[in-house]
Amino acid sequence: MVRRESPTPIITLLTDFGTSDGYVGVVKGVIAGIAPEARVIDLSHEVPPQDINSAAFLLDESFRYFPEGTIHLVVVDPGVGSSRFGLALFSKGHFFVGPDNGVFTSVLDNADVHRLDEPEYWLEKVSDTFHGRDVFAPVAARLAKGYSLGVFGPEYENPVRLILPEPYEVDGEWRGKVVYIDRFGNLVTNFSQELIESITAEGCYVVVGGPGPKWPLCHAYSDVSVGENCALVGGFGRLELSVNQGNAAERFGIKVGETLSLRTCSRVD
Amino acid sequence: MVRRESPTPIITLLTDFGTSDGYVGVVKGVIAGIAPEARVIDLSHEVPPQDINSAAFLLDESFRYFPEGTIHLVVVDPGVGSSRFGLALFSKGHFFVGPDNGVFTSVLDNADVHRLDEPEYWLEKVSDTFHGRDVFAPVAARLAKGYSLGVFGPEYENPVRLILPEPYEVDGEWRGKVVYIDRFGNLVTNFSQELIESITAEGCYVVVGGPGPKWPLCHAYSDVSVGENCALVGGFGRLELSVNQGNAAERFGIKVGETLSLRTCSRVD
Amino acid sequence: MVRRESPTPIITLLTDFGTSDGYVGVVKGVIAGIAPEARVIDLSHEVPPQDINSAAFLLDESFRYFPEGTIHLVVVDPGVGSSRFGLALFSKGHFFVGPDNGVFTSVLDNADVHRLDEPEYWLEKVSDTFHGRDVFAPVAARLAKGYSLGVFGPEYENPVRLILPEPYEVDGEWRGKVVYIDRFGNLVTNFSQELIESITAEGCYVVVGGPGPKWPLCHAYSDVSVGENCALVGGFGRLELSVNQGNAAERFGIKVGETLSLRTCSRVD
């Protein structure tokens, strides 16, 4: 029965609501009415509409920079109004609230997961289209007030999990995928910093697609001239393919899901 | 002489400033200088430039989700620098501050409306182009500090009102309009949930324009297959015409102001 | 050894991060972990990528609307990961933290400038690509907690300065430049309100380029009809060239850097 106790509750918001229609504002209004002491911090409201994979990626890369006890409210919810469940869970020192559709995949191991079953903790009138406001925000606000996870509903054994592709070694090279493209057009891959550090050496480079563009490994954008390719561990802690002061995704027409190969080089031990 | 007394004052912001030029930031800076205890929540800064109708719609749909005593600052102000008045008013348990141009139409009935006449409560230097920063923000911040409405200026009898179209019945069907399009491309109509619940039954559908696309009534996006039309009461509490996981406005080229008909069906009582 | 003492610390953020990728959120998470009492206010995250000039302009126009003691965190940082220094400085009653690349040009005179040299005040692990999160946010948070400037590193004598063009008089007219374009398409010039007030009189007008469009001076957008040109001192306290309820930049295809002439008129003394 985990409950939060910090004197300064923080609730983060990660949604596909955009910021133009006031949806985010009313979610904050509902939270302020229940837990006026909670501080609300926007992670992003520009997740591509109903893109559960991008939401799961952004959540996983962001939550650990917040203090323990933070409550992460995720509303990317194409199944709203259907029979999908809502969840509240505790994992890795943080709380998470949102729909059971895979957005929490990366934090489900060893998590204490509860189904949202108790309407007394929701808004009095629940719509079929906006559970972010009517269900998830009131639950997050009550977690901020110190309610225990267990009050919101029973434990839940089988939350939805996404299949997240992992890099693998074949034919003397590592193969991976582009998993996210940021606003600068940097191509974020599924190669973690740890993997890169364990397998790379001077002279390594990445190739996208079959005979696609080459990206030599570097440490900082400024290691290469303006307009040149550079593959480096970026802000997400993943290998990113970048063009110094340029937009790699636009320049080469590369999209999420594209396969890439890291050509292994002689190890320098 | 209404004054607010809550210990946690909230000020919401609804503007057409966009978020790129720092205009919103300086408004918050002015508020923080006068009322550091106030919490500021963004409703939207993406109202189409000078679109008073959209601002009035978003305000009306959003303000009631905030705690009573909240101060709603609205700056969509094509007449700034002209002789239009500024207003501060109290209605339905909430405060509102902004220009007298119709943005407050939906809350004017039985409101306590005051004209902003007292420059001592504004910034020392008032520009002709940015009353949001120079006039309205200081007034909102002082409301947050507990100043009475009456100190800002005299009561005002004739604030500007927009004409908001209402649905009507003719020839055995109900006619209404598209009044807002959200970022998902959902077409928000002027049919309220109450009206829909009083007139619909199974088999009803909406037609846009003359022989335009048909939208069967449904309860949740997931009632229909991906890519299919569905008319449901959405997050604004209004009938919305949607395409499940698609963009209805783009797909059918429908704009705000378009007429639609709800074909009445046999009542199921 | 300047240190801040206000009971309500404010940190503003001015970046080119955009708001879609969660970068801003994790910066706020880092701040909340170190200085939970600090209030964070966004100035803008839509600075064009790596556009130091626009960042310097927006900072200069915005910071003075915040209370003294505010900490302004600026992260527009094309040189991240190179040998460029980080800075923390005190000037005009405010604190500033960010890269040494010229973004602070307008506040460097008489400033107390320190180089960021002490990794014990940064995150434990510092990336080569995201000093906003790993270096600048922790320093700003510690300034909010009252740490003295001097603890972060030694005084620094030669911070980078941008060359900011100033208007000049020639051949009986004043020449200046477009230095910023806001979201409404208003063309913000480098003519300050003070300069305009000292040199203009009725009948003055601005010409852009050689024989380009004419902009008569006015006081408010509403001084001219909808769709007409009007040159007025705008929200930034600079002369702006506007089209009433229109987009001047798009209509005339004018960009930042374009030269303009203020045709002087008979002085009215």
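Letters A, B and C name the chains as they come in the text, with residue numbers starting at 1 for each one.
By our rule, contacts are C-beta pairs under 8 Å (C-beta built on N, C-alpha and C of every residue); 3 or more make two chains touch, one makes a residue touch a chain.
For clarity, every value in this text was computed on a predicted model and none was experimentally measured.
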List the interface residue numbers of chain B and of chain C, divide the shared ones by all numbers used, and answer same when the ratio is over half, different when under half.
different
Here chain A maps onto chain C under a C-alpha rotation whose angle in degrees, rounded to the nearest 5, is 120
I'd like to verify one number: the distance from the centre of chain B to the centre of chain C, where each centre is the average of its C-alpha atoms, in whole angstrom.
31
For chain A, write out the residues touching at least two other chains, lowest number first.
19
Under the touch definition given earlier, write down the residues of chain B that touch chain C in their complex.
17-26, 28-30, 32-33, 36-37, 49-50, 78-82, 127-130, 133
If we count contacts the way the header does, which residues on chain A are in touch with chain C in the complex?
8, 10, 12, 14, 19, 39, 41-47, 58, 61-62, 65-67, 70, 182-184, 219-223, 232-235, 237, 240, 245
